[in-house]
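Note that subunit A is present in both complexes that follow, paired respectively with subunit B and with subunit C.
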Partner chain A sequence: MTQVAVPTGVRNARPRPGRAFAPWLYLLPTAAVLLPLFGYPIYMLGLLSVFDYRQAQVSGGEPTSFVGLANYLTLLEDDRFWSILAQTVFFAAALVIATLAVGATLAVVLTRAGRWPRLLLSFAAMAAWAAPAMTGSTVWMFLFDADLGLVNQVLGIDGFNWFYDKWMTFGVVGATVVWHSFPFVMVVLYAGIQAIPPSVREAASLDGASEWQSFWRIIVPMLRPLITIVVIQSVIWDFKIFTQIYVMTNGGGIAGQNSVLNVYAYQTAFGSSEYGLGSAIGVVMTLILLVITLFYIRALYRTGEKL
Partner chain B sequence: MRRPVADVVAVVAAFVTFFPIYWMVLSALKPAGEIQSLDARPWTLSPTFEHFQRVLSGENFSRYFVNSLIVALSVVVLSALVAFLAAVAVTRFSFRFRTTVLLMFLVAQMVPVEALTIPLFFLVRDIGTVVPGVGLNTLGALVLVHLAFSLPFAIWMMRGFVAAVPEALEEAAMIDGAGRGTILWRVLFPLVAPGLVATSVFSFITAWNDFIFARTFIISAKDNQTLPAALLVFFKPDENDWGGIMAASTLMTIPVLIFFIAVQRKLVSGIAGAVKD
Partner chain C sequence: MKILNWATAGLAVLMLAACAPSTAPQAEGGDEKSGTLRVWLYDEPNRAPKEKVVQDAIKEFTAANSGVKVEVTYIPTTPARHEKFKGAFNDPASAPDVAEYGNTDLAEYVAAGGFADLSADVASWSEGSDISPTLLESATVDGKLYGVPWFIGVRALYYRTDVFEELGLLPPTSIKELATVARKIRAEKPDMYGMAVGGEYTFGALPFIWDAGGDIEKLDSAESREGVRAYTDLFTEDNCPPQTCASLTGGKTVELFASGKAAMGLLGNFNRLAVDAGPVAGKYAVVPLSGSENGSIAPAFAGGNNLGVMKSSKHRSLAVKFVELLAGRTYQIKMYGAMGNLPTLTSAREHIAAQDEFLLPFLATVAAGTKFVPIDPAWVKIDNQKIIPTMLQKIVTKQATLDEATSEAARAVNAAFGRP
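Entry: the complex of A and B
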């Protein structure tokens, strides 16, 4: 990282005594919170992952022993870990695509719709956005309930259990997640489209570009940096999905078939008391997310943002 | 896309999006008989508060509601103050490692906090033996972890709001002889207050919506449970009490919804600012 070349907020160039300490003074409360409660746990997560740490060690019955990368080797040889990793990636990818498709389509719709339909959709999206993941999950579970759910009654398939088949379950959970997350995409992209000067589109239509062409050739390229940010943000959120899976499938579905990495790490640690192994899964997740974050930061720099 | 088409799509999308919320509130108001009915109707002619009464009277629900409020509001106040100071540091000063500090706030937002429950569980347990107020089974522990997890985003967002205040105002105050403290709390703080409110919504939601930490840290102290736990009470192995679940869900959603709608405009500009400014 380069040093800050352009100081955005320096009031005067003359350094005054004590000036160098001032920013750190303002950052002191933040450090007091984040170092012990954020930094230290990350370090401890890494540390736990190289120890044999199970119920016996927690209760003090057996000494904790350093096992090096044994936990990671266990994971590498664990078929379940690989299949959960694969379905986490697949599920997250499907969620990102669906969220983006819905969010982007509705953002365009918003720019075209009249005042009242626009307000109506904005309000509905805000409500879905604000609803806690927990209550969103319970409502969708009720809608898809086998006997009393509205969906089955409308479709006339009383007693059909949506949470029995693995992919059907992922579908319902996925719909819930998209319902929660498309408003963010819609709002950000709508703001982005509004920021494009109307003259640009007018010029395109004068040159004979169709609506379709002007969308793909003008709007999308101009919004590319913003789209990149929205995509990566969605990838990060959807990869970390926890509450919806945990609540809707009661901790990962039948025999854990609907588990994702985050739920698997949690279950391994707190369900099976394999705290070392659970931490190793957590580390793997963190590393994957870190790589995605690096792309995110690069995308941010591309938008010309001055940090 | 022609305008009438866009209008229709917007209205249909609004209807579909809002429907689950409507269904939640409606089901909470339906008498038990109608919920059990195999012929569900999208309205009710005899709304009742029986589920709300059952939820509020039994199962310690009001206690859990107050607990959730205490945790969320404490997080909001603390996070606003701490984030404000940090935002001033990164926008009003240029110092070594400034970019590094900023990027760390960004990276921190990506960390899967659920995975951190494992080390945090042991950390909180150990702290609890020294400081009883913030150990396992206490609301203090929940306040602390949510404060930590809401801060990086809060700072990131506040940065935009602080940067938007012209420095000339502070300079004018300084010329008038105001000290640093006065400038900070009497000039800058009131000016960024709207941004602070918008940022607070996110901190509030993080804390209010929490499920995993309450589940992990509050093990034996029933009195210190928060709302999500209260909601799970209505899930029964044989048959779920959907009326109770929907009433509890409604009660859990309303505060966030009010908060959200109240600051809606600020929120959108704030997010746009946090994403790109």
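Entry: the complex of A and C
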């Protein structure tokens, strides 16, 4: 994404020795920050995952021992891990789609709205974005409270428990997550749409394109790089979802039916001080996210788009 | 698998230059007779009265030991306390000398090598023999005592005297009667729950399991199943509908009772203030929770806090002295006055029982014998993985039969203990 302006006079000059190192030189500041900040934790994560490393080992009560892939085996043999993994993938996918749909729709609405409605909508979205996940989740939980919640009082269904049925719970929690994350999508896409020259859309509407057509044929293709970033961000955020589930379903819902990977990792591993096992779960999650991202980038290159 | 293991081992050795994850150095304690004694106590929602009692104790302590300062830090009771304690074990320089801790956390902290063995100190302490053996057990791991029980909390059956009077009912004297009475109330007053029960209320379910002769370590035994059935049978439309009650925690059942939505509930002596602050104030009474036998008392869970001395403490005898002062009769009685905590010293309990009738059902419950969760690091896992709530919830939501759910829970408990 970084573009370096090349002076026109230099373009035809013969490459000087050491020129090949220039890109690396430019990368150096970034690398100096990224390597210690990301490299070291990931290295430690991988290292811990092949050790029997619990609280007793951390504080020196028992010796640390190397266990190879035992932590990974424990994980892969756990049926609950697989069912929660599947559940997390589906939940995250639904969240990404919902977040994008809501964010994109509202971005288009923003470009069409008058000054005051636009200001109001932006303000509301910013407030949702600014709300800490913990606070937002608690407020939503109160809204849907069985006995005292506003939703039940308005609907006149006092005593109805929204967090009893598995899918209904996912629905309410999902709505909270989307509410928290759509503003980012909306703002990014709105900025993108603003950058599209008005003449292009004007031409489209002169040619008789409907709003729907101009969205899919004009806006989406032109915003593809932005959408890529937004999708990858959303996938990563929604796959790592923790706070909303942990707070709203009290740690995974009835009989753990609403648990997701991060909550599961916390409860089986870190809450129980099984740092080795927890690291193994962390490595697996990192790998999954890496694969998803790689697939997406590859798909983009196939279609000839540049990031 | 061996080859894979070796391959990973090779990688770990070659690429990572054989650096195993770090381990904190084992700190050697000391026995200095002056300096600053650091004390960690639990923070409470309303801390002022506790702080005042502790300040009095400090004044008395520093007057008797010249050249000594006592520094108290209040730490949160949220799960973040685990991180605080782990940090203290890992870095002795920032660890306290004396710490208050929940007795269910004991085994994990001892396994981490955090607390000093106080067996000999308590044996030679004049008031040590005033603590009942079952209570000392809640501070004991492998025959060694790692703290002095400071106070306990016990649950008993709260019931609405006005509702019982109106319907001509008497407080239940057996588990069977409890269920009958609960259903009768719900039938007569459909907008009320008979007995408030919760799918996440582990300490509400345990007395039923223990009373039937069951045990946390054998949840699939016939006795345990009978107890689980007795508790989960209360989650029905005609008492406490699963739609509402399956997800309730212990705290939520307290709210139900305190707000007047339930006619009975299993609440602790420490919940009195919450109930008195609501519309139910003055309209309730407490009896011990009855067992299955007529007139018997179901074993209650004896939760509470201990005072321990850190292994890394540089002021060992001073720390022990301070613990003995704070956990002694005078300050236990003062702490009861300040916070309503039940003393662990038998003579102190008898002293306050004579003054406050409210305590009688709780003391009767203690006298009938209390029980405790397994004193093993496995308990923290069982608790964190919600094994018992999951079992209860699967049964009451009919996701599994009682036999399936208890077998599954028993397997999970075994796994937590590291048994095959």
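We adopt the following convention: the second predicted complex is superposed on the first by the 239 of 307 C-alpha atoms of A that agree within 3 Å, B and C clash if a C-alpha of one lies under 4 Å from a C-alpha of the other, contacts with A are read in each partner's own complex, and residues count from 1 in each chain.
By our rule, a contact is a pair of C-beta atoms (placed from the backbone, for glycine too) under 8 Å apart; a residue touches a chain by one contact, two chains touch by 3 or more.
Bear in mind that the values here come from a model prediction, so they are computed numbers and not experimental data.
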Next item on the list: Look at A:N161 in the shared chain and tell me whether it touches subunit B only, subunit C only, both, or neither; answer first, second, both or neither.
Entry: second
Using the superposition on chain A described above, determine whether A:F123 touches subunit B (first), subunit C (second), both, or neither.
first
Quiz item: Touch check for A:L48: first (subunit B), second (subunit C), both, or neither?
Solution: both
Could you look at A:V108 and tell me whether it touches subunit B, subunit C, both or neither (first, second, both, neither)? first
Item to complete: Applying the touch criterion given at the start, work out whether A:F91 contacts subunit B, subunit C, both or neither, answering first, second, both or neither.
Response: neither
Between subunit B and subunit C, more residues of subunit A are touched by B
Look at A:F81 in the shared chain and tell me whether it touches subunit B only, subunit C only, both, or neither; answer first, second, both or neither. neither
Residue overlap on subunit A between the subunit B interface and the subunit C interface 44, 47-48, 58, 147
Listed in rising order, subunit C residues that touch subunit A in their complex are 1, 4-6, 8-9, 12, 16, 19-21, 23-26, 79, 82, 86, 89-90, 108, 111-114, 199-200, 242-244, 246-247, 249, 261, 377, 380-381, 384-386, 389-390, 393-394, 397, 399, 416
In the complex, subunit A touches subunit C at residues 43-44, 47-48, 50-51, 53, 55-64, 66, 68-69, 73, 146-147, 159-161, 163-164, 250-257, 267-268, 271-274
In the complex, subunit A touches subunit B at residues 1-4, 7-11, 19-20, 22-27, 29-30, 33-34, 36-38, 40-42, 44-45, 47-48, 58, 106, 108-110, 112-114, 117-118, 120-121, 123-136, 138-140, 142-143, 145, 147-148, 150, 153, 158, 179, 183-184, 187-188, 191, 211, 225-226, 229-230, 233, 236, 240, 242-243, 246-247, 262, 265-266, 269-270, 275, 278-279, 281-283, 285-286, 289-290, 292-293, 296-297, 300, 303, 305, 307
Within their complex, subunit B touches subunit A through residues 1-3, 5-11, 13-15, 17-18, 20-21, 23-24, 27, 35-36, 38-40, 42, 81-83, 85-86, 88-96, 98-103, 106-108, 110-112, 114-123, 144-145, 147-149, 151-152, 155, 163, 167, 170-171, 205, 208-209, 211-212, 216, 227-228, 231, 240, 242, 245-246, 249-250, 252-253, 256-257, 259-261, 264, 268, 271-272, 275-277
